[in-house]
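As structure tokens, here come the structures.
In what follows, subunit A forms one complex with subunit B and a second complex with subunit C.
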Partner chain A sequence: MAGITLQNISKSFGATRVLRDVDLDIRDGEFLTLVGPSGCGKSTLLRIIAGLESQSGGHVAIGGRAVDQVRASERDLAMVFQSYALYPHLTVRQNIETPLRLRDLNAWERLPLLGLLSAGRAAKMRRLRAQVAETAEILKIEELMDRKPGQLSGGQRQRVALGRAMVRKPAAFLMDEPLSNLDAALRVHMRSELAELHRSLATTFIYVTHDQSEALTMSDRMAVMMGGEILQLVTPDEIYHDPRDLRVAQFIGTPQINVFDAAISGGQGVTVNGVPLAAEVTGDGDLAFVAVRPEHLTLLPADGAGQPLTVTLKENLGADFFIHGHIGDGAAPVIVRATPAEAADVAIGSVCALAPLNAAEVMAFGRDHARLDLVMTGAPAAVLERV
Partner chain B sequence: MIGYNTPFSTAAKHAVLIIGALIVILPFYIMATYSLKDPIEITSGTGGVFGKQEAFLDPGCVQSGNAKEDCLFNPIAYNYGQAFSKAPLLRYLFNGVVVTLSIFFIQVLVALPCAYALSKLRFWGRELVFTMVLLGLLIPVHAIALPLYIMLSKVGLTNTYAALVIPWTISVFGIFLMRQFFMTVPDDLIDAARMDGMSEFAIVWKVMLPTAIPALLAFGIFSIVAHWNDYFWPRVVITGTRELFTPPLGIREFASGIDGSDYGPMMATACVIVVPLIVAFLLAQRRFIQGITLTGMK
Partner chain C sequence: MIDTPRPRGLFKTGHAFVAPAVLLMILILMVPVVVAAILSFSNYSLGSPDFDWVGVKNYSKLFARSTYKKMLTASFVYIGVVVPLSVFLGLGAALLINSLGRFGNIYKTIYFLPVMATLLVMAIVWEFILHPDVGVVNRLLALGCGTFAETILSFGWLPWVDPATTFYGHGCAQDFPHWLGSKHTALGTIIFIGVWQGFGFNMVLYLAGLTSVPRELVHASVIDGADSAWDRFWLVTWQMLGPTTVFVVVITTIRSFQVFDTVEALTDGGPVKTTYVMMYAIYEKGILQNLIGIGSAITIVFLLFVLAVTLVQRWFVERRVHYT
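Right, the complex of A and B next:
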């Protein structure tokens, strides 16, 4: 168990800068997720922590110990790969045993026949087998132990890969999209199992994914990465409700957050698509966008007091409906989350009305994507006149 | 018309394949059938496939002063008996096994780490080195045979096993084949081994070698066939002692003696030399084809 500190980590492949001065402080025992679109540098960052890739600049420390010059095998970390990377020629038992043998037996004891002659080997092997058995029991893979990886299903391989990582009781687990090769149902199931495992092991987990639902459900804290930078590092709740960057707001949340053009008119007053909003921007910042989560938009009947919304698509998700449409002449696409009751009389092609924005649920962003603070003017649920 | 076969086109395809097969099989047929016949049947071209198997009189035997009755032989017994007695064929076979296996063993020892470095390690000049490997594939052995011979003789290694083995220990083809196979091994597997604490050498022998068995078998067949059948190089470096002759050199023992070539025993020797390879190929056929198609692991 150990905290991990990254200082000014940068990485370039040739002329391409993949990571730009990343600082990251991972607490002991924390489940931290690195999430971002593909190519954002999250896997590279994980590989730098693992020691599989060397950074172009900056420092890595694990448990207070600088490990910049330390080989991957000596960092006391375990990694679970997207492809599981099990040794195809070894049985499950041998796969799980391998890291222990390499750590606990010396070169002499590992020799095929001569090793049997060495004195302490038997005791070591007994201890090692006990550890393997214990791991197998935790992961419920005891009946698979004599099979080869080729004879296992994706989910089973996943467990074996976890077992191989766990058996060493490493300082931290590194996981590189471990669930992305599983089918949807199994992925949801493994999500809860991983979170459970983290609770019982109480070890640091660093988890890389491009799947925001994995990040939101499992992590203590999540870091949203884009273009080789960490845009925001807070709890999943805060990321969702209080994104500090428009790109974070757009990346997290399904369906995607609605973004409207906004401007300041007459002093500090905000207008969205030309409609005034009962709020003012405090401080400096060049207001350019206003964003609203789909669940914070409300549909009104067609004759309601609101902007007309032409419906282009209606998605049924059972508990909810996603209504896709656009305001006016198609300039601004909008997604509204509606209850089945609200969506009942919405037909594709019809025009209904979008209730005026509630200033309390609106986030404002500057032209540089940075979040701007809004102060409401008027009543909290102030509504606007229809234009 | 793609994929549509008329009876005529099918027949034409088969005819071409049958003619091709006959051309390939004919020498083998002659080899096998000559090894069963007596000299008169061979020279006169009679006796069908198996010969009449009548006892014949060996003139050489009579000349050395034996009674006529003692010089009557069954052709098969005579041919194969001569093959093993006139020349130490078992010794030649043993030499062949020692040489081909040593060559293959050392080739693997060299090719696997090279292929691993060329496919999985990043270092400055890797592409250049690989280009040189490819260039190496283009150099025919015969072009460098003389310099090689001179070098070996300067260090006094001609007429030794070493002379038969050393020039072949670095197989450019082996490095190339294994490199192509290693390219298909996922990087994650190697990273996992590194995380588990394996050194790079351990990765080569404990992770890459077991996954590369199909490719290795294919390479093994290429290597063993090439060196088992090689006549040229042993003929160059083994000049004195018959002790070190490899099987193909053994065939020469029967060629153009004072009383002409002794075809029966010669072909019997050839059969004995060829059979181990054919058996080995049939046993490893499936693996061999797997290796050639280079289907990597998923």
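Right, the complex of A and C next:
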């Protein structure tokens, strides 16, 4: 059990900067997710924490101890890989045993036959076997112990990889996209199992994924990474409802958040696509975009007072519909969430009206993608104009 | 495969398509072997109109006469030394080059050069290098005589060693060996050239094998506590190279069975048949002396050995080697 602190971590491969001054403070016992698009440096950061790669600059501390000069095996961390990285020539039992053997037995005791002659080995092996058996029981893989990895399904290999990580009770678990090789149903199932495992072990988990739904469902806190930087590190709830950066707002949430061009006209008043919004930007900042989640947009019947929306696609998700379209003849694509009842009279190709934006539910962003704060002027527009 | 009844015509068409390949294989591979097998029971010689069937006499000669015992000894000593040495040197060179990074390419080229060079040409070069009087090797060795090098290399500084009896001391006092002409050194020299020529090929095969060792697996072993390079090699690299190793050993064994050009160019099987390897024996009996019967018998035994090696390989591939 330990917290992990990263200070100013940077990493370059040749001339390419992969990580730019990453600061991260992971609390003891926390489930922290690093989420971001492929190639943003998540795995590199995880490998630096693990000690598999050395940083170009900055410091790593585990449980208060600086580990910059400490080799990977002595950082007391365990890692689960996307490919599971099981030893193909060893049985499941031997795979799980390996980290214990490498740590607890000396080189002499590990020798194939001569090792048997050494005095303390039998007792050590008994202890080690007991630990392996205990791990197998927790993960319910007892009947797989004598098989080779090649004879296991993806989900079973995943469990064995977890077992190999758990068996020596590390200070923290590092997981690099551990679920991405599983099929969709199993992935959802394993999400809850991992969350459960985290609760019962009460150990620090650092979990890397490019899948926002994994991040949103499992983590205590999540860090959104992009281009080698951490853009925001808060709870999943806050990330979704209060993103501090337009790129975070766009990355998190399916379907994607709607982004409109916005401008300031007449003092502080905000206009979106030329339509005034009952809100003002506080402080200074070069307002450029306004973003609204699909569930915060409302469709009106075609003759309603609102901007005309040409429907291009209706996506049926059972409980909800997502209506895709564009405003006027312009390019700006819009996605609106609608109930089945609302969607019933919307036909593809028809034109409906988009209710004016509710100033309480929009987020404003500057040209540099940073979030700007809005204050409402008067009652929310939607209430005013929907007659 | 989909289990639908196939029209008769399709079946015939299929056969027609395979026929040329099958025919060629029979003509080029099977017929010569069968002919050799038949001839090995005769005393046929090329050009003579009549010949007799001699039963298994050719084969019993093969296992009774001392010439052929020497042939088998030479072949198996050659294989027994060249295979392990060139496999381990190939693996070692591949591991070193793999860890070198940028300068690796230079070494790759240097070690691979002998593989590409025509062995016959290289053999002539070796003949010069190893010539007892004007050869570079012996001249170089002689340079050290009478200097401190002799003292060191003859191990005279060890109290229990008489410098005159050691290799270097003896060489200085009398002669350095006639590398290719002495029965004590000829096979060793041929073996040395075989290793020198062959390990670069194994190195390239191992380099290819090393690229298939997954990085995550190496990382997993590091996290698991495989701190020493040896632990990591034993736990991951060596295991993942299993298929490569089987292939390399088989290829090297078969190539060693086939060693011929160095022997033909440098020793002609001598002195006193110490380098009389199978391939050279086939050539000498079947071609030089026109004793087709005995030549064929050696060929058949040779093929049986190669077949055995191939069967062992199949067994390994199926039972022992771990593919991911």
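We take it that the second predicted complex is superposed on the first by the 378 of 387 C-alpha atoms of A that agree within 3 Å, B and C clash if a C-alpha of one lies under 4 Å from a C-alpha of the other, contacts with A are read in each partner's own complex, and residues count from 1 in each chain.
Rule of thumb we're sticking to: a residue touches a chain if its C-beta (ideal position, glycine included) is under 8 Å from a C-beta of that chain, and two chains touch if they have at least 3 such contacts.
Model, not experiment: these values are computed from the prediction.
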{"item": "Simultaneous placement of subunit C and subunit B on subunit A, clash or fit", "value": "clash"}
{"item": "Partner chain in contact with A:54 - subunit B first, subunit C second, else both or neither", "value": "neither"}
{"item": "Touched partner set for A:77, first subunit B, second subunit C, both or neither", "value": "both"}
{"item": "On subunit A, the residue positions that both subunit B and subunit C contact, one per complex", "value": "47, 50, 52, 71-73, 77-79, 81-83, 85-89, 98-99, 102-103, 164"}
{"item": "Complex contact set, residues of subunit C against subunit A", "value": "214, 216-217, 219-228, 231, 235-236, 239-240, 242, 322-324"}
{"item": "Footprint of subunit B on subunit A - complex, ascending", "value": "47, 50, 52, 71-74, 77-79, 81-89, 98-99, 102-103, 164"}
{"item": "Subunit C contact footprint on subunit A (complex, rising order)", "value": "47, 50, 52, 71-73, 77-79, 81-83, 85-89, 98-99, 102-103, 107, 148-150, 164"}
{"item": "Interface residues, subunit B side, partner subunit A - complex", "value": "186, 188-189, 191-198, 207, 210-211, 297"}
